[in-house]
Amino acid sequence: MADAERFEQGRARFGELMGRDIKSESGADEFMDVTFENLFGDIWNREGLSLRDRSMITCAALIALGKEEELKIHFRGLLNQGVTADEIDEMIIHLAHYGGWPNAVAARRAATSVFEKTGAR
Amino acid sequence: MADAERFEQGRARFGELMGRDIKSESGADEFMDVTFENLFGDIWNREGLSLRDRSMITCAALIALGKEEELKIHFRGLLNQGVTADEIDEMIIHLAHYGGWPNAVAARRAATSVFEKTGAR
Amino acid sequence: MADAERFEQGRARFGELMGRDIKSESGADEFMDVTFENLFGDIWNREGLSLRDRSMITCAALIALGKEEELKIHFRGLLNQGVTADEIDEMIIHLAHYGGWPNAVAARRAATSVFEKTGAR
Amino acid sequence: MADAERFEQGRARFGELMGRDIKSESGADEFMDVTFENLFGDIWNREGLSLRDRSMITCAALIALGKEEELKIHFRGLLNQGVTADEIDEMIIHLAHYGGWPNAVAARRAATSVFEKTGAR
Amino acid sequence: MADAERFEQGRARFGELMGRDIKSESGADEFMDVTFENLFGDIWNREGLSLRDRSMITCAALIALGKEEELKIHFRGLLNQGVTADEIDEMIIHLAHYGGWPNAVAARRAATSVFEKTGAR
Amino acid sequence: MADAERFEQGRARFGELMGRDIKSESGADEFMDVTFENLFGDIWNREGLSLRDRSMITCAALIALGKEEELKIHFRGLLNQGVTADEIDEMIIHLAHYGGWPNAVAARRAATSVFEKTGAR
């Protein structure tokens, strides 16, 4: 498959995750090209796991790693996949014991910000 | 709730996760007491997330963190919750991009070991 | 012990650490409930380590992990336990060699902020 | 101070921590030279924190980071500083909540090994 | 480009890094397919950085992260790119200050093992 | 060598890395004293690796660890060593696969900020 086609598939998959059209053009930024071609085009488009499960494990990883900025994006995707704000709270409480309290507190800051902006709570 | 009761509920919940009776007695080891009382008794027993989802996000966190020894336990629990060996492979491929390749390779070693011992593949 | 009682004991213990009354009510926020019940109520209240040592090892862990936001809280507790600003500087210099320079630099930013606000230096 | 002198001071300080004479010669291994000159000679020899506190925060950092191999060395030093096996257990239980359960479990493996070999329990 | 072609290019690039032919067939293992197609086929084959520099920054990252098993592979590649055992020692000493001493010690174990097996020292 | 002399050598080495005179006086701040004496004076001044390679592996480690603030300093040093903005982009794309996407995204934020301020792009 040509790179531009993989980019387009990745852009579409990311849009499906987020529930809105993502505007982005191939060739403008090398890192975004790789992100859409390889990560969203190839990996997120693979069969074998539902989009809801891919979104959930991505957020679980980001909570355990304490990646606040990324969570501000991916919690929106998880809400769009039908996981509720209450379930996200449970994920954070649960994973505080695996990635440590400080990472969970960072995840809570991201969740609070996303819940407010999206009206999820 | 008394500590011994919380221990017992945690022991039962861990057994439910793993699909077998877990023999363990309260009071023998402080760390295991806290693990069964607080982590499995209080946290894993909370409502709001299915046992299958708790198992999946725990494994996702452990893959992203590269915790090979813990995964040898929790992949067994995840298989017992009905997630297949192929789905576990997909989780590892997906999360290699969030926690990094070396942690994914460690997760693969754990998965291979568990799949062989359980006959999952 | 009932959850509300554990919450109350955790709230009191956190207040003892910080040297001031902490106002917080059980039932308002699930994550804070777990934090006061399990972490401060159960764990920080255990015998076998002094409050000063619990505070010191918590700060040591947070320095090694580079958790700047958490350190802004816990350095206040450590000062309140009688550890001086100079000793906190020494901890950061020492642990730069175990958790790496970038995490130590983050800890220094937290310490500078706390020392200014508390008048510790 | 000449490098050989710093090496010698570092070797002596490490011996003081561990409670036994450490045999090592300057110039045999670059990494060990830096470890004895800079880390043990310069840093561990600084005033402002007791050797017991330096040992305790080093172990706290290593528990939070899950560094099993290093803990096999530093738990011996901590026992030699008068901290008991029960206190080390408490440190691990406490820090499981800051560095995460998997790192605490790794620390427990190191502690069990050291307690057996030293007869501390 | 077809997946099989990307796999083949990745297999060849990995062989170039290691200085020997790598035997591997597309389709046998999903994770290895992604590793050869995406990581070695797409990424390591990109222009803009020499193979020597890609090898060096990969090893630097693995040292800072303390990934002992991966370093046993990538130090061989780095030696094959003309970086000497002495330079690898310097990298470890240098990066001990950024990723922390315990990760550097793990890197040293990997380096010692590779230097012995390859006769690099 | 006296501490003040090591400080001076470290200050000079840091200035060489950054391509400008660094004004700093020994004795004002303990952490900066250790940074200039031990890290830049002793370690960065060692023979066996070029300044360009030391700068490159430092940035590689910081990308893999996601240390955004430190990268804002060290990317300037790397540009000063003759590594181009395009090569830094390549480093980030490459290391996204070893330290994970979220750390690479943090590195990108640092790079964008530095490229703008220095006019490198």
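Labels A, B, C, D, E and F are assigned to the chains in the order they are written; within every chain, residues are numbered from 1.
To be clear about the criterion, contacts are C-beta pairs under 8 Å (C-beta built on N, C-alpha and C of every residue); 3 or more make two chains touch, one makes a residue touch a chain.
None of these values were measured; they are calculated from a predicted model.
Taken together, subunit B and subunit F share the touching chains A, C, D, E. Chain centres here are C-alpha means, and the one lying farthest from subunit C is E. Separating the centre of subunit D from that of subunit F, both taken as means of CA atoms, is a distance of 29 Å. Centre-to-centre spacing of subunit A and subunit C amounts to 31 Å, using the average Cα coordinate of each chain.
Subunit C and subunit D have Cα centroids lying 23 Å from one another. Residues of subunit E in contact with at least two other chains: 34, 39, 43, 62, 64-65, 89-90, 93, 96-102. In terms of which chains touch, the assembly is arranged so that all chains touch all other chains.
Residues 1-2, 34, 37-38, 42-43 of subunit D touch subunit F in their complex. Partner subunit F is touched in their complex by these residues of subunit E: 39, 43-44, 46, 48-49, 53-54, 56-65, 86-87, 89-91, 93-95, 97-99.
Residues of subunit B that touch subunit E in their complex: 66, 89-90, 92-93, 96, 100-102, 104-106, 108.
Partner subunit C is touched in their complex by these residues of subunit E: 64, 96-102.
Note for the complex: subunit C touches subunit A at residues 30-31, 34-35, 39, 62, 65, 67, 69-70.
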